[in-house]
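In the two complexes below, chain A is the common chain; its partner is chain B in one and chain C in the other.
So, the complex of A and B:
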């Protein structure tokens, strides 16, 4: 299993025009994905999951946006040369954009960003950065990384029927194919996402699809280009329980059929854990726990971040339901991310922050600490 | 489809009523004019005859010149049509790229000179621009004919279209409006979810936002500008002595030639309303949700 993508220290900020201050959306998020595996990303609403995904796609247009980080990605061989060219444009020192066969797609970011302490300001030439980033991402979007968005209905073009959008995308990635082949392929794709009577679906407009259908169509469109990495942002929102598991099953099948690697974003840690091999738990814009599924999901023994523990027990497992166990609700809400990180972000809701440890929790934000091989937790409880 | 039929019938009905109203008003005003001249003092029966002539497109003869109105009006109509359609195309050609450019770049970067240019162009009165152009062209160059060479065999009438079309194309107020509308709409559409989603699979942003961001606003503004364009055409025709409907209307008013005037009003209403109908038709084609 070789490394496909690695994100290090991603920092994303926005600027609040009304309050005249910076909002911390994502801070020090990092992970790595191996080819053919599933990375699950979980966390409550507003903890920065979508922002992380959009940053990876270079689609974050709000200012200042990404201000720090590295995103290593291994593109397909035919694109590698093009990416290398666009990365090294206007750069003299030419070796640190690469790590083995992985390219740092955020390479050169530091030339556009500078900080000023006191008062805390970020100066970023977003326009120039976006132009550079777009040139690089041109070779990445679609062919290498595809994304399906949180709201499937709105992410379909309402002016073009489903078939038109599919064939348009297929055509762009298969220039030689004739219109008959393209249509065949579109139908095949719609079949592969388990849409019945694809000929009829092809002639439908986004407005007349149900959520489940729209979600399947967006998946089909995202797969037209045979991406290496598929980012699925909450593909199960708006679906009912049986359909949620059908959707997850579908994703699993597609992974083997199409040789995909999946980054699966969801609120629900149990849904994610059914197919994910690694799980990343985010809270208030940071990673609080990351590790292989077995470590993260283990409820009884072993180290575990208090937030993950709460997440797991807030969603019932099948056996819990059978035993009639009561659900635990996580008290409180996600802190607003305008606050500076001078204590543990989970402090207000943490049941373990008592006594001696509480002083520590209040003094500074804990670092992500290694508790086992490939298992990291951001909590003072597990500092050794 | 039923919705479409309903719309069609509604438009036809309103067109019919408007024609009745406009011609009746003209007829009445004409009869109220002081002085006595041929054609004054006709009764309701004459009006009905007039209507019949209008709706059969056999317009009868002019009171003043005695010529068949069809042979006077249709060439003039053609000339005005050339002038307005040519100038619409010119306006679109100028304003759409500026709109797209400023949607992409925002006013702060290099697009502001173009935007300001479009505002200046729209705020110059069209007759003033016309005289300015005539002055500049006749003084500094000798290439372009200033006036339409009718009657004489000299000169190519096609070349004489150039100046009036240019002046009306630049000088009608729609340029800045189109720029502003497209810049705003395109900017909004470029950030909608479906455009971002298509960008995520490598599609061009312009291509996926062209329907909602450019075509629909452009069509709705162009067709609603037709009345103003016809108004502008009257002035431009006067300035350039262009043998179109505007000049014809002006002359017929001076001559108190009621039959010709009414035909002109009839054709103007027909144009404006069919423009509206066409707009609805095209928008209907573009908006899939309402099919």
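So, the complex of A and C:
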């Protein structure tokens, strides 16, 4: 299996002008995705999942704020050529390539944006960087990386019927197809995302779709560009349980058929674990655990971040719900993301932070430590 | 028991531009919600749940049918007379992002709704807003953020706070949990139960997940393509579901099949396993079964409900 994408040390800070303080949205986030695999991303609401995805797409609203890190991606061969050309116009740096096929899509970021952590100062020209970056991202978005947005209205045009939007995108990526084939394909896609009476949906406008329907239309649109990497941000929230499993099945089929790699973001670790090969657990803007599904989901034995443990056990089983068992709550709240992280972010809610270990937890934010091959945990309990 | 909200025979059809096809979003919906109780409304995506909610609030007009709120016939009143009543019914919107102005700050959004129906002084107002934020488990620091910059789940919780700040007698919660992770879901469920107990609020709880609906409803209505196909008290629908669709919802992993039939007959016939097992009885494809009462308070719309 070959590496498709690798994100290193992503940092995203927003600036709150009223408070004159930074909001730490994402810090120290990194992972790698191999071709043909599924990376599941889970974590509490507000932990930075969407921000991570948007930065990979180059769609983050820049001002005011900071973005920093490296994002290596392997585009299709023809696009690689195009990107190489536009990169060569700028100053080419050795560390913007990896293995000659992966490009750093955050190319040149360090030269335009830099900042000191203590005290916070930024020197930047992110406008200029964004303009450059956009030129590269034009080759990337759609064909190479495509994203299903959490909020479906964001990607649907309210003034063009669903059919029009679909056929237009299909046309862009299949120049040879005739209009009959395109229409057939559009209907087939709508049916495959389990929309009832797709012929009628084709003629409807975004405003007259229910939320769940709109969500599935955006999935269909994202799929018709045949991306190499599909980032799906909460694609199943609007669906009922039957359709969720159908949708997961569909994604599985598409992965083999279209050679798709998937980054699946969801708050529901149970859904993620049915399909993901690797799971990334985020908490308060940072990665607290990453590893193969079997390690991360294993409930009893084996090392596990206390947050992951709480997350897994807070999902009630079907029989618990049927018996009307009360739901488990993880007590406490996430730390304020305007304060500097000078202790373990999970400290306040962690049942294990006691005695001697607690002193460590309070002293500094732990590093991500390796506990097994390809299994990393950010917790002092697992320091060797 | 006093009934707070009641609908009788609501119909809402949407017509395609050319008028060839109709979408039956509500097809003869009759519901009633007693004071201090919760009615859960479940059904697959696109079956008309939000449409029912919006008709109840009179955000859209039904084709026919009536809505009663505390004895007032809302469908006969005009907006001027409804406005003073609006305080009493509020909706937690499914798409919170489109119901807020993204350029507004969280504090101002909550302030606006708190002041809508009460005149608190500056300090009390601030305390009330802080209290609301802590109830939905958001940092009060977040009050200075623009609504457009909040994450999906944060905005949803802000919307819940907005609705709670008005202290309505009736709340429509349209998929309030769909963007939240399990732990926060539990907190919101507990919060809604708490508010219901304190203020004797009536709730219409809309969700596509029967398992979640079950946690806080007293009665559950199951909807399929615009029709109510089963209605029963919570314990009954858990232990003794009658309609094939309800049974399927309890056991969703079994993959369902899909046969294309004509539009006539039972709404569920295209995916119904009972129909399949019975060897496609004619009656199912000819006649929509009526919603009949099989035992006290337990209604189902299926020709073979008792088998």
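Keep in mind that, in the parts below, the second predicted complex is superposed on the first by the 350 of 384 C-alpha atoms of A that agree within 3 Å, B and C clash if a C-alpha of one lies under 4 Å from a C-alpha of the other, contacts with A are read in each partner's own complex, and residues count from 1 in each chain.
The rule we apply is simple: a residue touches a chain if its C-beta (ideal position, glycine included) is under 8 Å from a C-beta of that chain, and two chains touch if they have at least 3 such contacts.
Quantities reported herein were computed from a predicted structural model and do not represent experimental measurements.
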| item | value |
| --- | --- |
| Chain B versus chain C as contact partner of A:151, first or second or both or neither | both |
| Of chain C and chain B, partner touching more chain A residues | C |
| Chain B versus chain C as contact partner of A:238, first or second or both or neither | second |
| Which superposed partner A:169 touches (first chain B, second chain C, both, neither) | first |
| Chain B versus chain C as contact partner of A:309, first or second or both or neither | neither |
| Touched partner set for A:79, first chain B, second chain C, both or neither | neither |
| Which superposed partner A:268 touches (first chain B, second chain C, both, neither) | second |
| Which superposed partner A:203 touches (first chain B, second chain C, both, neither) | second |
| Which superposed partner A:14 touches (first chain B, second chain C, both, neither) | second |
| Which superposed partner A:35 touches (first chain B, second chain C, both, neither) | neither |
| Residues on chain A lying within both footprints (that of chain B and that of chain C) | 151 |
| Complex contacts: residues of chain B adjacent to chain A | 109, 191-203, 208, 211-212, 286-289, 291 |
| Footprint of chain C on chain A - complex, ascending | 14, 16, 18-19, 23, 42-46, 49-51, 150-151, 153, 195-197, 200, 203-204, 208-213, 215-216, 234, 237-246, 249, 267-269, 310-311, 314-316, 318, 321-322, 324, 327-330, 333-334, 336-338 |
| Chain A to chain B touching residues, read off their complex | 57, 59, 61, 127, 138, 141-143, 146-147, 149, 151, 154-161, 165, 168-169, 172, 205-207, 218, 221-222, 224-225 |
| Interfacial residue positions of chain C with respect to chain A in the complex | 14, 16-17, 21, 23, 42-46, 50, 94-95, 97-98, 105, 137, 139, 141, 144-145, 149-154, 156-157, 175, 178-187, 189-190, 208-212, 214-215, 225, 238, 248-250, 252-253, 255-256 |
